[in-house]
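Structure in structure tokens, see below.
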Amino acid sequence: MAEQDVVFRVTRYRPVPGGRPTFQDYRLPFRNDMVVLDGLNYIKDHLDPTLTFRWSCRMGICGSCGANINGQPSLTCETFIRDVSRGVVTVEPLSNFPILKDLVVDFDDFLNKLASVKPYIVRKDWGDWTKEYTQYPEDLEAYRQQSLCINCMLCYAACPVVGTSPEFIGPAASALALRYIRDSRDEGADARLARLNTKNGVWECTFVGECSVVCPKDVDPAAAIQTLKVLATMRHLRRLLMPASR
Amino acid sequence: MARHEYPWKRRPGWWLRNPRYLAFQLREAGGVVCALYGLLLLNLLMQLREGESTYVAFLTMLRTPPVLYLNGVLFGLVLWHAISWFMLIGKAQPVQLTRKPLPWKAVFGINVVLWLGVSGAVVYLIFGGI
Amino acid sequence: MERTTHDIVVVGGGAAGLRAAIAAAEADPDLTIALVSKVYPMRSHTVSAEGGTAAVLRDYDSFELHALDTIKGSDFLADQDAVEFFVARCPEEIIRLEHWGCPWSRDPDGRVSQRAFGGMSVKRTVYAADKVGFHILHTLFQTSMKYPQIHRFDESFVTSLIVDGGACTGVVAMDLRSGSMVAIAAKATILATGGCGRVYEFTTNGFIKTGDGMALAYRAGVPLKDMEMVQFHPTCLPGTGILITEAARGEGGYLINKDGERYMQRYLPGKMELGPRDILSRAMIEEIKAGRAFEGPYGPYLGLDLRHLGAKKINERIPMVRELVEKYMGLDPIHEPIPVRPGQHYMMGGVSTNMKGETSLPGLYAVGETACVSINGANRLGSNSLSECLVFGTATGLAAAGFAKRRPSYPRGAAAREALRKEEARVFDGLLGRERGKETLAGIRVEMQQLMERDVGIFRDESGLADACANLAKLRDRFGAVGLADKDRVFNTELTGVLELDLMLDVAATIAHSARERRESRGAHSRTDHPQRDDANYLKHTLAFRTDGAPRIDYAPVTITKWQPAERKY
């Protein structure tokens, strides 16, 4: 027995025949502990099986379910309807990405950007494979925050620069680059900073800061990018003034 | 089967729909205003070189109500530009004296105090006289 | 692109699949490896694992002890040679991951930390705060980017295996983004698609855990082993089913009933909250039946009390537990007990394999939760699953690489073409073309989930299991009338939902039938009509084979090396 109803205004887009995205309204029963994802699943199960969206873990850790909810990039599995509804909840695909179908966007571009920052430990000598490298709790703390990125793309949706400059490396890829640079076991800072110290590297960022506002895991990519600007500059100056150290 | 993706299109007025985007746009506009004001001061010097009458005429023009109101608005933008940048400095240039960098609020506070100090000194120089 | 050929195809991009792909890539850089996943790999359900991964790393521990704990935990159904193989290789996997950047939590001296866990006699569970699965998955996924010979087929749903000349020679997959089928021919195929928790109504598992690989192997004639062994995790949040990690108890949390009593003293005074999961789940049901549980909007529940741990420990060791409880239950575990109840969590059973991941079909391998080697027997100890994915991921990847290297020629193109045509007809003309009728995808799925929950749950009996078997057969018939509203081929999640339901109905039937034929209680399989363990008749693995009707149940012996089955006392 529904206490009351809520209306979901959801973007619909069919790749065949194409055309332009439109909105479709759905009225559904509302329970106080429902998240937006519960609403989307209700629509798909009971009202319109053609509604298409990504989801999996429903606990905010897999990063599949990003969408613009009332204009704000959010995870549908973590956004409670009671917090965003004034009778109508607008659900659109994440900004700044091409739309594949309904709420599903294409973010293959991000995976290329991620690969370009070498998101793995780079070392010349791997040493002993029978004993762990020593890493103190404070060393772990140095990169722990950036390691929490779930690749949900909310930061890319929030960043106005990504919208106008699609080649901008973006918040998440930068945060993950910093995660490896700051990992005491890694030796690959030089190659990563070379990649980041380019026009479509970190320098496209004008510090709007919205990426850190929308990040569901408090990765703070905005601060990461500014730190990378400092590191990239120092590396550049070192190479300029002390060519022997290259 | 070809993929028909719909390319994302930015809606005009995007920066009005989110208070933080608006704050950002105003901050950036404030930067432009700072630069323009610098040009104005340069022009003031040039007017001074032209002679006393042109200089006085220029100052009179600057004192007219429309220009004063405009200056008020522009001063607001410049203030916002300064304050918002002070808020960012803690993150843009982390000052690390101990294990963790100084929290941005502390850096903001220090910068505001320095700013008020320097502004106070300038005001004293101009109006208090040495 | 309709067809492509690789040396090895890995289906599933979770911990086991990624580890196998990397192991094969490192074994021989000339091998080409296709990694096919119906989601992007970092969305795999490995990501939600919280507690930790076990290994013998310290002097106070030994392989003997880890093996004994595992075998005893399995209620002596585990194959002991496999367990010995397993425990000896956990440490090197942990170190390898550590070298690859995995952020294991550390002791003050810089060494990898270990915590206590259910059923483990000593602290051997390596952890990364309470996000071990997330960190392992992202470490493996990002490390896999180092190997250009691993070609990813993201968001490609495997609909069938290609079987040619009595061997598996690849897979047919539907590329969601283009909407077309592709045949991926390969010398070796590794199934690593995870478990099948979504056949149950209340599960910790994500939406994608639909037993795809299990059903694909089953349909190709490979038996599913010990499917009746379903693990129910004691501490899940009511309503959502979100997992609250065993680590909360490992760090000292208590389980309380509505009288505030630590009720485990009635069931397992020796280990209390750190007993094995099957015993704890049953204890909860008993407390609920005895009327000592709390009542809530989603039914009865017990309490997980962390208040005495203090804010510092909670925020350092189990921060995600606090986040989840605050977000989804609206309360702070520092000040209030967490409502919990048992829910389906893991499948001990799966595709029958040996220690190298080989199945009875040459060229077909299985690893991870999809497979049953068996090291978990009738009940898995917490933190053994991720270690299993790593150890057997490596072993299977190496075995598949060796197999591929020894075969000079690639599979017949004709077989792949034929399989592709067949699947296009079955899926596009057959399923997609069906009009919507009386039966709906959601309707049949919910009925299946409810009957599994009711009749094939924590406590089972003959009549309930007989009902389950009969009702599943009826649902299978009714499934024939499910039609689709979404006729697009591109990213059709209604179609993938129907494909998944098709696979789940097969897997659910093997669970129900295997459970019915095991007339004893062992580990997680509890029969109220046969409450004792019966080694004389049932110290053996159940094998479920596909037929045109009900699954055919057969048995295989358990390998015993050093540890004679004894009473499972804690």
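Order of writing sets the chain letters: A, B and C. Residues in each chain are counted from 1.
Heads up, the rule we're going with is that a contact is a pair of C-beta atoms (placed from the backbone, for glycine too) under 8 Å apart; a residue touches a chain by one contact, two chains touch by 3 or more.
As the structure is a computational prediction, the values presented were derived from the model and not from experiment.
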Identity of the chain that, by mean CA position, is farthest from subunit A: B
Interface with more contacting C-beta pairs, comparing A-C to A-B: A-C
Centre-to-centre distance between subunit C and subunit B (centres being mean Cα positions), rounded to whole Å: 58
Between subunit C and subunit A, distance of the C-alpha-averaged centres to the nearest whole Å: 27
Distance between chain centroids, defined by C-alpha means - subunit A, subunit B (Å): 31
Residue list for subunit C, restricted to those that touch at least two other chains: 177, 490
Per-residue multi-chain contacts in subunit B, two or more chains: 1, 3
Residues within subunit A bordering two or more other chains: 15-16, 100, 106
In the complex, subunit A residues that touch subunit C: 14-16, 33, 44-46, 48-50, 52-64, 78, 100-101, 104, 106, 108, 111, 114-115, 119-121, 126-127, 129-137, 139-140, 143-144, 147-148, 150-151, 176, 180, 183, 185-186
Interface residues, subunit C side, partner subunit A - complex: 39-40, 42-45, 47-48, 91-92, 94-96, 98-101, 103-112, 131, 134-135, 138, 142-143, 145-146, 154, 177, 206-208, 239-240, 242-243, 320, 324, 327-328, 440-442, 484-486, 488, 490-494
Of subunit A, residues touching subunit B in the complex: 13, 15-18, 20-21, 71-72, 95-100, 106, 138, 160, 163-164, 206-210, 213, 222-223, 226-227, 229-230
Subunit A-facing residues of subunit B, complex: 1, 3-8, 10, 14-15, 17-18, 20-21, 24, 28, 88, 91-94, 99
